[in-house]
Every structure is written in structure tokens, then in C-alpha cells.
Amino acid sequence: MLRYIAKRILIAIPTILIVSVLVFTLQQLLPGDPVLTLAGEERDPQVLAFLREKYRLDDPIPVQYFAWFSQVLQGNLGISLRTDIPVLTLILSKLPVTIELAIFAMIIALAIGIPTGIISAVRKGTSVDYAANVVALSGLSIPNFWLGILLIMLISVRWKLLPASGFVPPTEDLWLNIKTMLMPAFVLGTGLAASLMRHTRSAMIGVMRSDYIRTARAKGLLSHVVIMKHALRNALVPIITLSTLLFGELLAGAVLTEQIFTIPGFGKLVVDAVFNRDYAVVQGVVLCTAVGFILMNLLADVLYVLANPRLRHSR
Amino acid sequence: MAAQRQSPLLQVENLSIRFDGAPLGINVVDNVSFSVAKGKTLCIVGESGCGKSVTALSLMGLLPTPPARIVGGTANFGGRDLFSLSERERADMRGNQTAMIFQEPMTSLNPAFTVGDQIIEGILRHRRISKAEAKERALEMLRRVRIPAPEKRMRAYPHEMSGGMRQRIMIAMALANEPQLLIADEPTTALDVTIQAQIISLIRRLQDESGMAMILITHDLGVVAEVADEVVVMYAGRIVEAGSVDAIFEDPQHPYTIGLMGSVPSLGRRQGRLATIRGTVPSAEMMPKGCRFMPRCPFADERCVNDAPPLAELEPGHWARCWYAPLELHRGGIV
Amino acid sequence: QTLRIGLNEDPDVLDPHRARTFVGRIVFTSLCDKLIDITPDLKFVPQLATEWSWTDPKTLTFKLRSGVKFHDGEPLNAAAVKANIDRARTLPDSLRKSEISSVESVEVVDDTTVALKLSRPDATLLSQLSDRAGMLMSPKALASADFGQKPVCSGPYKFVERVQNDRIVLERFKDYWDAKNYNFEKVIFQPIPDTTVRLANLKAGNLDMLERLAPSDVASVKADSSLIFAPVSGIGYQGLTINTNNGDRSKSPLGQDKRIRQALEYAIDRDVINEVVGAGIFPPAGQPFPQASPYNDKKFAAKKRDVEKAKKLLKEAGVERVKFDLTFGTGTTAQQTAEIIQAMAAEAGFDISLRPTEFAAMQKEAQAGNFDVNVIGWSGRVDPDGNIHPFVTCKGGLNDGRYCNQEVDRLLNEARITNDDAKRKELYDAAQTILQDELPIIYTYYQPWPFVLAKKVQGFQPYPDGMIRLKGMKFSS
Amino acid sequence: MTLAITEDMALPKKRSRILTKFLKHRSALLGAGIVLFFVLIAIAAPLLAPFDPVKPSFSTIRKPPSALFWFGTDELGRDVFSRMLWGARASLSAGVISVSIAVFLGVPFGLVSGYFGGWIDAVISRSTEAMLAIPFLIFAIALAAFLGPSLSNAMIAIGLSAMPIFIRLTRGQVLSIKAEDYVEGARAIGLPDFWIIVRYILPNVVPPILVQATLTIASAIIAEASLSFLGLGQQPPNPSWGSMLNTAKNFMDQAPWMSFFPGIAIFLIVLGFNLLGDGLRDALDPREN
Amino acid sequence: MTAVAPDPILEGIDLVKRFGGGGLLASPTIVHAVDSVSLSIRRGETFAIVGESGCGKSTLGRLLLRLIEPTAGDIRYEGRSILSLDPKEMRQLRRELQIIFQDPFASLNPRMTVGDIIGEPIWLHGLAKGSERRERIAELLRTVGLLPAHVDRYPHEFSGGQRQRIGVARALAGEPKLIIGDEPVSALDVSIQAQIINLLEDLKERFGLTLVIIAHDLAVIRHMSDRVAVMYLGEIVEFSTTDELFDNPLHPYTQALLTAIPVPSPVNRSPKPLLQGDVPSPTAPPSGCRFHTRCPHARPICKEQHPSLETAGDGRKVACHFWREIQNAGASALSASPQSAALAKRMALYTSWRERQDQVTNPSRK
């Protein structure tokens, strides 16, 4: 087991290296001169030259890369060109917000996705199954941003039920925090709920067909025990794995949602940084997201092994 | 019909099972009747797809419904018709009075729970005893199926065991509540010869000890010869021949039974080419309307094409479904 | 009492000397007092300086308000002013350097008097000092490295916290010299870039006011009795910069022949832009100086559309149809404007390809001369020089089209050092006459600053510079 | 002789099992129907559109749906219905072309990676993981911004961003097929690697790829809409549903029809592709019967 | 049974195959799948390899065809090593060495028609073109008992037995000299199994093939093969002609195997001495004699010393320290119980009608 984890981490290292190169190249690809954006409306040539010097933008790209990456290895992600705030500080302040959003969305997704998936699998081929599938597909098919704006227009503006956007830290006002998170989490969660539902359904159908379910029934176990204990326990393995992976996806999906609901999280940070050519922030945030994603993958693998007695011992 | 000597524990009459979507009038199990007496072993033999498992599952109430559906027949078990019990009553009976073991030891145990838990769970389901007592009972069962170091094995997961071990666990699980009837669906097919022999002898020993009745499903005539008291030969959903094990092996009447025996290579010195049955089992769409074995039967003629022969009792307790049984009487002339 | 203000974007670093964003200036208006301020009709009035005078064309003397304190309790005195202006001049990444490049030294005359010694006469200096260059920060706080994250000034509100991308919180500065005129205990600036969402927040009661309403929402805001619509025509403008002299792309008929540019101007109906895109708040512009400015002259008013004349001009120039790319920064308003221009110009004989470009990329391409025509916007400066000099002089920092005319350069440079208003206007008129003919830039409309307030907010006065001055504002009870 | 029964009789009738299965799948048919409907609309847009989709008309700005303008008009007075018809072209081709790019680049990489293994596999796999680790939209935004905002560049960006999915899928598929007896059988008759890939691996990789492609088309259409939403997709004045929605979101309050119809259209086409993909999955899945 | 020509066609010399190990990231456990196995297959014979699941039969089969590379050892085909051949030469050689797989459902490409599957070796080795190729495919189909009309069908349209026939046809298409059948009948029903066994025997005779049959069903082996190698945990423990092996098994494992077979006759049911325990894992094979953990005759030396495969007369070989003593101790030879008279009579009747049946439906076939 430990050996397996060590092995997985070892494999993650080259991936992270490639990510760092990719991140760096990607933003070099971004058109426009960051200095022009930084210098402001007036574009004073003196200032331009100073900024170029300060951020070493005239160095050859590989030099810039190594300068950056060696700093990263020392735990220094640089300073936001736009706001002067250290990137790490920014990330640490934004991350909880996005994670809260992601957790909320995940809770919504799990709360909707898994029960409907189970019901749909158990009632396979009935109208309940059919209806659940249609709803799930619709959830998958609705464009997030459209749903977001629609909800704002209806729920916030028309009915004034929930705040339209923004973020209130839970430490400040927990109730308001939950209220502000509800809509974005729902928007973010629907797509996930749909995909969770479909995966739960197919995992459950697969498991329900298996021989050991027949064995459980042959022991005379009642059907709810068979479903909730024997089937779900095994179906949960792929579902847990998927959820972890989806969580990584959620972080990425947060980009658009945060944009719509102006939630000061990770996604908004990076999109704004892209448009403001705040290189240090883009690099730092994308690198962190990628590392987070890889860690999530790692976690998914480990959980998969942990949840699977068969693998737990043999690895 | 067969085994009338004692009053039967289970008496199945005219069982017919149908799958949704199958062609009209084609039942995967058609008018099947047999009975098992206490302490006796009934073997059901037949090639793949002839309806053996479906029959067994229907007796356990484990048929996937839909698509499968019992369209006729009764199964009298200890005075009650299994098919008219409620789902709850069936569940109470499963793993208690009747138990079943399956072909695939590799997949028949839940990989997520220890084998101990899985056995105990079955015991607690049907007995009002404490968990500790159930555990004691489970341990005893493991000892009875000759699992070495049973205390340790209780905590093991199925994947940590070999196929033979797992099949022993399945047997322990099935017998934990001392069922009156054990249905074993090809319990050794997936195992190696040496293990297969171990399992067969284990089952026989346990049966002797407990006096339960057993239905053993197999396609291996060797296994049949070793353990059966009564034999039912099925072909394409119907019984083609039934009788005591001696009658079937010494005096087979149906062309299919004969062909089957001819198809098994002998263990003695080679005696030339094998006798074969040509062709394959017809699919449901292709099912002939007369005798279902007709397209493959060397003796078939017009009559077989049009009319299904009845299951006729040739000698007491020996039945065959062929217009021309005994063959030498009707077909002996042309050689 | 907390006032929540929705901003169009998140401000950058909160250090007036290094800041560059418009929204940043809005925050500074409440946070950092300047030496002087402006009136709604762009006159200079005292703020931290109670009076000022030109001792000679090269010496500007300020008399400071006495007893003023910075937020950290430090006294605001002449030494502080010197420290600030010197910092603005010398800090390596100061963005104010060029604004006050004429200042040669700062002299502390006495505790409340400070004199700026100039290297040349500078007519623009006062206006610069009425903006970020004139903001005063606590010299003590300036010493700390993270000033930009914890600014300490002397304005009516002091800094509390900033959550990047989310909000900037200020609270009332009790020791402010004019504290009685400020009624809100707290001010929270919330960047919400999406105009729809910004308005939705206001309507939902999560904001008390917002800046820069989308023109498309004007009608609905006007119709909403719970909202107050308070637009003001700004000091900035929108226009089309034509590449007349920057690289190969300028060697096009449009870049080389002023008649074609004139034809283009005649092809455009600014009233339609105002109505369709601007919902009536995009006043047509024919010159860089806003209506409120004394340098605005009726004779350079926006021309009416005249398709026949445009066609005639094209014929004179010997061309049938003219093709060019119109580059603009992505955004609904810019896009709508571009689409309308495309449609209108087509009727006169222009085949325009639209090139929406992300803003940062557009800036770079513009500098490199990689464009035919750019849609540009300028937030505007109080002094006329800021609206014209950098754009049309040969070495102008913002002159992307590299238009170059010695006469224009001469006139505008002279206007810079002329302190006499009447004489200055003459110089600008002369320059404008040339520019109106050669048309390196076609102005389209004046940038409005449409504010929206909740009904309960009282006493708001919009200023053409787009700043929000909280003085006298309060909630109705 | 009546009993001359050939072995042939034991065989089921020859019929395309996949097609039959697909045709039995009601929702798949619905999906195919929706997709087909939009494809036809896209093709016939010039014939069907009652108005010019790009020319502004200042007299009819933001008119609600009426007998003349079925879906109303937009902020420049253009007929939303006509723009929707033309926009179908952009949206559909955004989906199809970007996914084609992803498939045609991703599948070969996946094949090579899965079939040959070793170093190539390690390099391709790590790179794929790295690409997957970077959020799709950020990847696409950076690429689209680099390439310059245009529909075709958006397609390239989306295609490249979606490529890793196909590399991964193909690789996994190849690995499982490589282990099949019939591939070993092919090697046993001496078939060279090239032919094994072409005749054995590729055909078996195609069905899951096809399914994934249909599903990815759905997300690509949404991605184009998202990029358009950020100004990086279809460029004005030409419509795509995404860019229409992008503009319309500013008029949600005053002209809800402007966003309603493109939103519904995106929803429908994505639903259509999803249904189709599901149906194909079931039809092509040998385990389902 | 065919006369056995003495010259070897295919030889394996000290073949070793291990899976796993190596590489930093590879699985740490090493499977000793095949361990120094030497065998020599004679031209024209039917050679059987028997053993329990996981003992390395398939691996050995694949090694002999060089479908996987051995860890050590050599393979000789007609006297020369095939390990040194380059890919092109190897491909040409593959025409002569063929394989049939166990699982009729996994061994045919589901997306190729039967014609394509069978035609592939013909196309690949340039044996025939155009209509000639079609004719050959039709001929092959007839040879294995299918209808030429089936060429355009897909494998899934056939039953298991028919698919196995297609597999045989493909193996035959390259006109091979040697065919390895990796459990070619164990997945089939008894009646179908008999058909395929007969088919293989007919083909062997007709084309002069050498057959290597891998199986675990001893009855099948007894019926088909001339010589047998018994494998246990990657090693050959006994080597013998078929009849001698069945009449007088030398190795205790062979004896146990034979005892375990259920005899299809209810006459003398008696409890048999059975082998206890399971096959140990090939990742950690027992020391000394690998069978010692289950051997009823094991003594201390068996645990320490690995027995070599020694000659035991008549070309037989056995790897057991005590084979001489064990030979007559307990486990007896397998005795096939005689058929009852009634059965024999009916069987004869059945066989004659069965032949008539074949002639009526397909007079051209013998």
C-alpha cells in the first residue's frame, strides 16, 4: 500500500514538471504585452522600461522559466504584478472560498445524484428510471452560465429570495454565507449531480447483476439490505473514485460560475489574471490547480485501493 | 415421478418458465417435473443453455423477474407450493430451509466483506441468536468444510482465497442454517480436477451427515455417475430422460443421452473416433415445433418434425421423451 | 450606516503613485485627499491646500490646511507634501513621473507652505495635482514595504481591509478635517464586472449604488421607481484611431488619404450610436474636449451623417470601395458600436472587417502598428492637454497611429506652457482645425459616467471625472 | 428428404444487430432526430432565414416576438430567428470540427502510446495527465486568446483542450484490446504491427471513441458558447448561439427572448447529442442485449 | 493413431519465463510461470501438455511459438533457433506454426467477417489472390464443417462450436505444419467438444499436421494424444507416452490427477484418496520439489532438494526423488469401467445411424 502510494507520487512528479512547463508556455502564448497592461492608461516609456527590467520580461524564455520554477521550488510563487500581493497569499485567501463552493456543489451533487442513481438502477426500465434519466440528461445539457443568469434574474431580481452574487465569509455571517453560496453551488452542482447519477446508476446496475448479489439474495436477505449493504458498498468504490475526480473538475468548473456570481475565488482570480496579464498569478494559480488536480487523482487512486479489499493487500 | 420410494421433500410439477421477448410458446423451461427425496441427490444434466440454472433459480425464488416469468407449474416443498408464497415468505425460506451454491466461486462472494461477516450475516438473518453465537456457528461451519485455521480465515476477504477455498466458504454459508434442500448449480465446473474431487467428496460427506436432499446441476457425466441417485437429462428446456442413475448409465433410452455419452472420451484405451451429436442447440427463434432434438437426431423422421413426443415411462421410474424408445425396437432394423 | 458601491472591476494596487486603474481612483477619492479638487464644471477648488499661486511661471506655491492628520495620526505638513511629491517623481515604478515631470524640486517654505520649482512652465500641473499625483500619503507609512496593501492617507475614510476581487472596506476617519460632512460609517467597494449582475445586485438591495450602468439597462433603470439614475457626461471620449503612419498597415488608402477618412466620418451617424447603443447617454463627440470644458468649441461639433458627401469624397479620392479592419476590445458596447459603424459605413462604400480583440492584445498590436483602425476610449483628464497631446503629437505616448504634424506639435507644446486660458484656447483651436481636416482620430461619443443609486441614497452629485465624492451624501431615514 | 437440415438453420437471421438495437432505443432516436433537425436547419439556413442575420435595422430594436419576428429582434434590430438559423452553423461546426480535431490528434497518440508502451507511452501519458490537470476552460482561454479570437481558433483551442480525453480513452481501449486473444492470434499468423493496429485495434477503438465524440460534441458546443461568452468565439456580426447568448445576457431583463431562444437551442442540441451518445453507447456495447 | 516419426519439429530447451519484476515502477512480485522446461515435439505426433490452472501451460505454448519472448532458453524449429530471427523472417515462419485458443468468443475479431478472418493469412503470406482466394476460403470453411455461404457473417452470429471451427479454419489457412491448441475444447459443451476433437483428428491426418494440445481434461488427452507432458507450477514433472502414463503413472502428482477424475459410470463408487490443499502461488514456488506441500509421499529431502527430470525407461521421464518406490504404492492406474451391454448395443446403433445422417445431409463429406 505505502509502496503503491510512493509509486503514484513518483509518477506525479514528471507530470507536475510538464504542467509547470505547460503553464509557463501557455501564458507566454497569451497575446499582448503584460507591461503595457501594467503601465496603465498613460504608458509612460520610462515606466515601461522599469517594469520590463523589474519582472525580467526581456530575458530569454527558458531563463525566465527556470528563474520562476526555482523560486516555486523554494515555495515562492511570486508577487501579483497588478496588486503587489504575494501570489501565495492570494491563493491561500481564495482557495477556501472555492473549496467551500466546491464542497457545497459536491454536497448538492451527491445528495441529488446518488439517491436518484440508486433508485433509477433498482427500478431499471421503469418510468421512474426513465424520468430520472431525462432529468439527469437535462442537467448535463443546460449551459452553466445560462442557468446562472436565469437564476439570478428570477430568484434574486424578480423574487428577491437570495443575494444575486458576492461572497460573505462564514466567519462573518454564516447564514448569509450559506444564502450566497446556494445558487452558485446549485448551478455548479447540477451538471455534477447529473453525471454522478448516471455513474451511480450504471455502477449499481453492474453490481446488481453480479453473482454475489445473487448469493446475498440466496441467503434470504431482504432486498433493501441487499441493495443498501451489498450492492451500494461495491458500487461506492467507483462512485468515490469518480467523486474525487469530479472534485478536481469542480475546481475547474468553478471558473465560470465564480465569474457569473462574482465570487472572489480561485476561478475568478485566474480569469481576471489572464485578462490583466498578471503572469505571476496565472502561473501560480494554474500550477496550484493542476497540482490539486493531480493530488485529487492520487487520492482517487488511493481511495479506490482502500475501498477495494482486493487491492488493499495485494499492492 | 422418479424416486417414489419415499415421500418426496420437493415435488415439482409441470414447471414452465418463459422469458419476455422470447417467441410465442417457446418456454426456456417447458413442463418440467421431478422430485427429490430427503437424503437423496437428484442430478440435472444437460448442455449449456438447456434451462438448468433457470429451473434452479425458480425454485429459490431468485429468477430475475422480469424478464423471466413462471408461467405454470407447482413446486411442493414440505406441503407448501413455493410458487404461491409471498416474496417475504420466500426470503424467509431462502438460506434457511433451502440453500443454493453457485458455479462461480470467484465472483459469488462479495469482495467488500470478510467471509466471516458474510457467513454470520446469513445465520443472523434466520436465527434469533446473539452475534457471538452466530460467530461460533460460523466457525464450526468453517471447520466442517475443512478450512484450515478457521479463526484466521473468518477475517479474510474472498480475494485472499483460492477458488476451492471460496467454494468451501459458499458451502459453509449455504449449510449454516441446516437446510433441508441444497441446490448446487455446477459447483465444480470452474475448478481444477483435484479441487473438484475435493469439493464433490466434501458435499457428499456433508450430505451424509445432515441427511439433506440435494439437487446437483452439472454437465459432467462423470460427476453425475459419482454422486447421483436420480438423474434428469434436459434438452432445450425439456426433460428428455429421467431415471435412477443406474438406469440412465446402463440403459440410456433417449438418442440425446446416448449421443452425450458417446461424446465423452473414454478414459480407457482409445476406441476410435468419438460418437457425436451434430449441430448445436437451437436458439429460441429456431426452436422446432415438434421434438426439440429433432434437427440433431439421427433417428428423426416426419413424426418428430410435427409432433412432440410425450415423456413416457418405459420401465418403472425410467422415463424418456422419444417416439422410438426403446430404439432397438423401432430403429434396430436398419444398420 | 454602510454604503455599498458596485465597481466595474477590481482596483489594482492601492498606492496612488503606482496605481493605474480608473476604479482605483474612485476608491482613492474617499481614501486619499489631494492638494486640490475640482468642481463639476472642472474648476479647481481647495482641498488640502487652501490656496495656491504662481509666484512666477516656474514656481507654484501652496498654502496647506493646518491641523490635518493622516489616518495614522501623523501630521500633514509641508514636509509630508515634499516627501510625497518627491516619491512620485523618483520612485522607480511610479506611474506619476511623467505627469509631474516639470517639477524640478520641492521646497518646504514653512510648516504649511510648500513651493514647487519647475524646470519649465507647465499649464497642466494644477490638474495633475488635482488627481493621484496630488494625493498625500503618510510619510511614515510609506516607509513600509506593503503600503500598496495598507494605504494610509488623509481622506475622509480610512482603509480597513481588502479582499482581492471581492471588496475594499473603508471606515470613517474621525479626525478628518471635514468629518461632519461625511455621514456613512463604512464604505464598501465591491467589484462586480458583469453589468447585468451588478445591476441585479443593486435591484436586489445588496448594493446602494453602482458606477457604469450598461446603456442597455438605462430604460429599465429609469422605469424603476426604486432607483435613481444619475448619469453625467464624462471628460473622456470614444473614437477611432486611424493608422496613418505606423508601419506597413498605414500604407492603405485610408491611412494615406484624408479624404477617405473624412468620408468615413461622414458615413457615421453618431446619433444612431447614441440612441441604439447608448440609450441616449452617448453624446456625439467631434472633438476631444468634453462639453463641460472651456476648451470645447461649437465649431468643432460632431458632423452630421452625410452619405452622399462621403461617396463624393471617395470618388474624389479615386476609390470605389475601401476595405479595412476595425479592431476593438471585446465587450458588448464596443461590439455593438463596431457593428453599427460597419453597417453604416458599408452604405458609403466601406467594407469593414470586425476584429474584436482582447484588450491586452489590442494594446500591443496597436503599438506595433498592427491595425487599420482601432476603437479607443480615453477616460479623460481635467486639463485639455491630457485629452489631446499624447494622442496626436509625433512622440505622443498614446499616439498609436503615429500621426505626425510639426505644426500640431508646435501648437500643442506651446499650449502646455501657456498659463493664460484665452491664449491657450486659441492654440488648441488652431491645432483642432488641422486635426479636423486630417482626421487621425475620429471622435464618436463622450464617455458618460452613468451612476445608479438606490432611492434611499441622497445628496449624490455626479462629477464629469466619474469619481464618487461622498461629501454630503446620506441615507434617507 | 425433409430431414436434410443444414447447420445453417441453427444460426439467427443475419441482421445488423447494432442498427436494430439502436432503432429500438427510443431516446437515441429522439437524440438523432434532434441532431438531424439542427443539421438540416444549419444547411438550409440561407433558404429558411426570413431576414439578413447581420444587417442592423434601427427601426426594430429589441422587439418582442411577433408574427413578423418569430423570436423577436436583438439589440441591433436583427431578427433573432434568422440569426438562430445561421448560428446553428457556427455552433454545430464548432462542436463537430473541434471534436474532429481532438479525435484525429488524440486517437493516433493514444494508439501509439497504448500499443507500443515503454518510453513513448510514459511521455504521452504524463503529458496527457498534465494537460488534463490544467482546467479545460483555462487551457482553451489561453489558446483561444493566443490564436486570436475567431470561431476557427476557438475550435482549434477546444479541439486541443479536448484531445487528452481521447488520448486517454484510446490508450485504455488499446491496452484492453491488445490483451485479447484475437490480437495474439493476429500476431500468431505473422501480421505486422501496422496491420494489427489498422485492422484489429482501430476498429475496436472506434465505437467507444464515437460515443465519446458525440458526448464531447455536446460539451464542445457549450465550450464554444463559453468562449463566446468571454468574447473568444464566433466573432460579430456573425452569430453563433453562444455569442448570441453572450450579448443577450446584457438584455436579460429588457429582452429575455434574446437569451431564451439561443439558450433553449443550445440545451436542445446538447441534449440531442447526449441522447445520441447514450444510444450509441448502448447499441455498440456488446455486453448489453 | 498416426505413426510417430522420430525427428523433432519443435524443441524447447531450458525455457524460462518470468513475469513482473524489473523496472522501478513495475510490480514487485515475480511470477515464475515457466521454469527450465525442455521438450521436443516430433513431427506428426499429437503432443499434450496437461496440468492444473496457472501451472504455465499457456505460457509454454506461447513461448514455443515465440509469441512472447522467453526469459532464458532456446526454441528450435526444424533444427534452427527461432529466437535469432528478425521480425520479417519470423513473420514468414509464423505461417507454419499456428495456434488455436481456448475461448471461442475472445479469439475472433468481432469486427471482421469470417471471410476476412480466414482470408487474412492467405492475403498476408500471398498464398492466393482474388477469386482464387475466395475459393480457398470457401474450401477451408467446408473443411471445418461450415458453409461457404457464411463468409460474410460476423463471429457473433455463430455459436461457440462454430466459432471454434472458424478459429481452426484460420489456423489452417496458412497451410501450417504445426498447430498448438491452447485448451481448444475446454470451453465447449460435451457434444460440441466431441465434434471439434473429431475435426482436429481428421485434419491432422488429412494435412499431416503436428498437434500440440494443451488441456486439463485428461480424458481428452488420453483420447487424442500420443505423448504427454505433465506440468506442475511451471515445471514438467512427468513425460510419457499416453498409454503408459494412464496405465502406470509414475509421479505422485500424475497419480493424484488421475485419481481425481470422476468416472462416468456409477458402478463402483468408492471413496478415493484425494490430494489435499491448493496449488501454491507461482510467485513464491515452494523450495525443493515444488509438489512437496501436497505430496502424500513427501519426505524431508523433498523440501530441500529439487528433483531432476530423470529418465525412467521407454523414453519416459519423471521428476521425483522416490518415483521407484511410489510406483506401486497405493494410487493405482485408472481403470475404465466396462460399458454395460445395453449401452454398448445402443451406442453401436446410434453410431451407425449417425453416419447415415452425415451421408444424407452432406454426401461429399466423408
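For reference, chains read A, B, C, D and E in written order, and residue numbers begin at 1 within each chain.
The rule is short, and it goes like this: a residue touches a chain if its C-beta (ideal position, glycine included) is under 8 Å from a C-beta of that chain, and two chains touch if they have at least 3 such contacts.
Chain labels with UniProt names: A, D = ABC transporter permease; B = ABC transporter ATP-binding protein; E = ATP-binding cassette domain-containing protein.
Predicted, not measured: the structure shown is a model, and the values here were computed from it.
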Most distant chain from subunit E by Cα centroid: C
Interface with more contacting C-beta pairs, comparing A-B to A-D: A-D
Whole-Å gap between the CA centroids of subunit A and subunit D: 23
Interchain centroid distance [CA atoms averaged], subunit B/subunit D, Å: 51
Inter-chain centre distance, subunit A versus subunit C - centres from mean C-alpha coordinates, in Å: 39
Centre-to-centre distance between subunit E and subunit D (centres being mean Cα positions), rounded to whole Å: 49
Junction residues of subunit B, two or more chains touched: 278, 280-281
Residues of subunit D engaged with two or more neighbouring chains: 3, 5, 7, 10-12, 145, 148, 230, 249, 252-253
Per-residue overlap in subunit A, given as positions that touch at least 2 other chains: 11, 30-31, 149, 153, 157
Subunit E-facing residues of subunit B, complex: 47-48, 162, 164-165, 192-198, 200-201, 219-226, 228, 245-246, 249-253, 255, 258-270, 273-278, 280-281, 298-299, 327-328, 331-332, 334-335
Of all residues in subunit D, those that touch subunit A in their complex: 27, 122, 126-127, 129-139, 141-143, 145-146, 148, 218, 222, 225-226, 229-230, 245, 249, 252-253, 256, 259, 263, 266-268, 270-271, 274-275, 278
Residue ranges of subunit A touching subunit D (in the complex, touch as defined): 11, 14-16, 18-19, 22-23, 26-27, 29-31, 133-134, 137-138, 140-146, 149-150, 153, 157, 251-252, 255-256, 270-271, 274, 286, 289-291, 293-294, 297
Subunit A to subunit C touching residues, read off their complex: 30-34, 36-47, 50-51, 54, 82-85, 90, 93-94, 149, 152-153, 156-157, 160, 163-167, 259-262, 264, 268-269, 272, 275-277
Footprint of subunit C on subunit D - complex, ascending: 54-56, 58, 61, 75-77, 145, 148-149, 230-232, 235-237, 246-247, 249-254
